[in-house]
Amino acid sequence: MIENNTENGKIKISVSDFNLFYGKFQALDNITIDIPANRITSIIGPSGCGKSTFIRSFNRMNELIPSVHTEGKIFLDGRNIFDIDAVELRKQVGMVFQRPNPFPKTIFENIAFGPRAHGIRDHRILEEIVEKSLRQAVLWDEVKDSLTKSGLALSGGQQQRLCIARALAVEPEVILMDEPASALDPIATLKIEELIQQLKEKYTIVIVTHNMQQAARASDYTLFFNMAENRAGYLVESGKTTDIFTNPKNELTEQYISGRFG
Amino acid sequence: MKEIKKNSIRVLAVLFAAVSFYLLYSGFEKIISVDLPVSLALSQPQAIFAIILSLFSGALAVGLWRLKNWTKTAISLLSILLIIIFAVSEIFNFSTIVFAGESITPLSVIVSTFGKSIVNLLLNCGIPLLLIIGLKFVDEIFLESETQRFIVDKFIQRALVFVGSSSILVVFLIFIFTFIESSDAILNIGLGELLTGTVWRPGYIIGDQSGQFGLVPMLLGSIYSTIGAVILGVPLAILTAILLAEIAPPAVREVFRPAIELLAGIPSVIFGLFGMVVLAPLIRNFEIAGNSGFGILNASIILAIMILPTITNVTEDAIRSVPDSYRHASLAMGATRWQTIVSVVLPAARSGIIAAIILGIGRALGETMALIMVIGNSIAIPVPLDNNPLTILLATTRTLTGNIAVEINYAAGVHRSALFFTGVLLFLLLLVINRLAHFILREKQPS
Amino acid sequence: MIKDIAMIGKKSTVIDPTRNLRQRKLTQNIAFTFIWLAGLLAVAALLFIIYYVIKNGMQVIDLEFLTTRPAGGVSGKGGISTTIVTTIYLVILTITIAAPLGIGTAIYMVEYTSDLSGKKGFLGWLVNTIRTSVEVLAGVPSIIFGLFGFAVFVSYLKLKFSLLSAGLSGACLVLPLIIRTTEEALLTVPKSYREGSLALGTTKWQMIFDVVLPSAIPGIITGIVLSVGRVIAETAIFWVTLGGSYRLPQNLLSSGRTMALHVYMLASETRAFEKALGTSAILIVVIIALNLAINISSRQFAKKFSGK
């Protein structure tokens, strides 16, 4: 509802009058926003205001829930994502979940899983991809000698970096992160935040976070969501992170940031 | 390296094409050589088969040439199928020579037969094996089209609907076939006679056409043996369940539970055998005229042991699902554990226990072979052997299930139909019983 | 009021808690004794049967018993070689038919339609009907499956008494078992695995085949092993579809005799009870081995998912 404020940079994702319903219950109310390319956009807001639902719309994971139906459009690089096959879309828009969820396979197999599913079978190519992804996820040095260990044997922070590497292996353009560090200890969290900073060079990152300090220090743009009286989520304000946190235009934003609710 | 692999596949493609042409040629040759008009000639099965095979082979050749992934998968699967067929037939041959004789096969023969089988297998399976290994080797040459996995996905989705419906099909067929087969009896003998007649004499045994098909003796046999099993087995099972759920320490539970499960897995004929060989002589000790050791008592004991695991399991589950808060509340008031069990736990688990008993009854009614072996199989209505009414336990009788099993192999016509009717009766009876048990169990869930 | 206060702490003379407690404890001890006896009786029955069968059956088992065929007829002479092989054939055939159908049905129910059971429309009806059918099948006694097999496979399809008739009938028998255990196994796979896979851009089948099934394999195998035990232990259904030939089946359309059937036939048609006991002993050992395998493997399965 409130206009966005991107730089002269490109727009990666463009949302237009987007509504989402779980059956009769409206979860997202008329969202219109542009997500800039190669930047980190964080989404903050109180619990239950639809932040996760919102980013899950970008890779159409919401469709897995049968009662969901949507109105409005979402464009990825100008193409309506609802016109693309969902499976194809998810190759371009990757996701990292709140709780690390590596498969019960070896580290190598976890990362090779995506490329393999997309048809790459040459083992040499797979090895290259695995190394590249693990390096990008800043995990290579820690696991390069134990690629045949089970992914579940890693620590929580390592598992999450494994999941990030796994998402990177399919070479997406956008990475969605749903509170990626909330299940981790502070040191692991820091590592993830550094990693995300490095990733923004090549990827567009949208990250949902409950942790306002994290949003403030780690992202370029911020979207503030809130829950209306009818429990639907709506976009209150959006803009450069520095602006939002030092000079919010909306009173609600100011209240949320200073901790007066949420 | 890649070029060599590509070229070898191209060579293979040419081979397949050659085979295809050969088959096409021989197929057409067959058609032409026969002195029949074309339409009739086209119905020659061998020729048609050859032509179809040739088209298929041609498709494979084209797929191979274009390095398509589906071709590789198809050839691998077919090769595996061929190998399995050959292996199975070799196993059949080997078994016949080694295991089916009347005397022990000497080791030398075993070894030589085994050797011959392996050689045979290798000869027959050589080509398929080579194909599989070769294709694995050049695996990465095959291009997997992007759409392939979507096609597979859609196909599986459709196929699984049919696979899933197989259960519906089986139930449907059971209904249809057993009803159809029993319709003869219903029409010609009549429900009245079947359900209330007290004599079962299929007729042709005595030589006259009209037999009598009253099921009452068998009905009574089933009912009496089930009642006996329930009287003996239910208390034992419930007490055991209480033991396992409430009283026994974990170490004991670790031993007893697998033991009960084992009991459930023992083949019923072994129980029957046990009844014949151990229980019958024991029962014969009762010095009463007509006591053969077989009969309702024997059957009840064995049946009780057989239904014990079922009842114990379900009862134990029911007891376990009673919330601990009930127990704690009772104990906190100063009740003993036994009082808690009797006044709180068991009443709370009541519906589960009833369901368990009902399931046990169903199991007892459905048991066949063990009962045949120990219940005597006489066709008369079971009556006490002398003035003491308890001696009915020593009477021999027959169950509904036993009736079917004993006579089905040689029954014909309306007799056979009557046996199917018995089956239908059992089926419906057990359907009702099982639905009842499930209904009671489901009613329990909300609490 | 002072009188009331003085009443506090005085033991009531109407009910003496301590005497009552002694009585209740006595009742409990008696009851618990009976309960222990019941449990011990149940286990003792099992142990006695096993002991009796194995002790008496062992005497008959030797190499000749195991590798020569039964003589047929009423003599009871001969060994049980053909019955062992026939049992193995039948187990393999039944599992080969039932496993794909059962696992496929379970996959369909869990992965494709788990959200549909309440819904209206054709698919909703289909799912409910499938579930009801599986429940119905689970409650059908084996003699009815035998009758059904007799009517459909032996008579109508003219397969006669054969491995194929018996295998198809046996497959119907174990189908509900495989479906149930596979469903359970699939349901224990965490939802996060499925989400993780789909988020990487896999198709649904890729997700099932490459992530869900591998995790569910232990449970599925348990179901199959249970079915194997069931087939080995069954008699009535095969009596009516397999026939009882003492010869070794030459192909899928030949008749034969399983070990359990052989026990029945020896006991009811001959006087060779020791041989029946011998065959039973082997059966019991096999069943015990299968049960052990299931117990061990389910413990491994639990460890794999929690620890590692």
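Observations on the structure shown:
Here the chain labels run A, B and C in written order, and each chain numbers its own residues starting at 1.
Assume a contact is a pair of C-beta atoms (placed from the backbone, for glycine too) under 8 Å apart; a residue touches a chain by one contact, two chains touch by 3 or more.
The shown structure was predicted, so the numbers you read here are calculated from the model rather than taken from an experiment.
Common neighbours of chain A and chain B, listed by label, are C.
Set side by side, A-C and B-C show the greater C-beta contact count at B-C.
Averaging Cα atoms per chain gives one point for each, and the point farthest from that of chain C is the centre of A.
Separation between the centroids of chain A and chain B, computed from CA atoms only, is 51 Å. Chain A and chain C, compared by their mean Cα positions, are separated by 47 Å.
Inter-chain centre distance (chain B to chain C, centres taken as mean C-alpha positions): 10 Å. Among the residues of chain A, those in touch with two or more other chains are 87, 117. Residue positions 203, 206 of chain C each touch two or more of the other chains. Under the contact definition stated at the top, the residues of chain B that touch 2 or more other chains are 149-150.
Of all the residues in chain B, the ones that touch chain A in their complex are 139-140, 144, 146, 148-150.
Contacts from chain B toward chain C in the complex involve residues 92, 95-96, 98-105, 149-150, 152-153, 156-157, 159-161, 163-168, 170-171, 173-174, 177-178, 181, 235-237, 239-240, 242-244, 247-248, 255-256, 258-263, 265-274, 276-278, 305, 308, 312, 334-339, 362, 365-369, 372-373, 401, 404-405, 408-409, 419-420, 423, 426-427, 430-431, 433-434, 438.
Interface residues of chain A facing chain C in the complex, by the touch rule stated above, are 59, 61, 64, 66, 87-91, 94-95, 97, 99, 101-105, 113-114, 116-118, 150, 152-153, 163, 166-167, 170. Listing the residues of chain C that touch chain A in their complex gives 115-116, 190, 192-193, 195-203, 206, 210-211, 214-215, 304-305, 308. By the touch rule above, chain A contacts chain B in their complex via residues 85, 87, 117, 119, 121-122.
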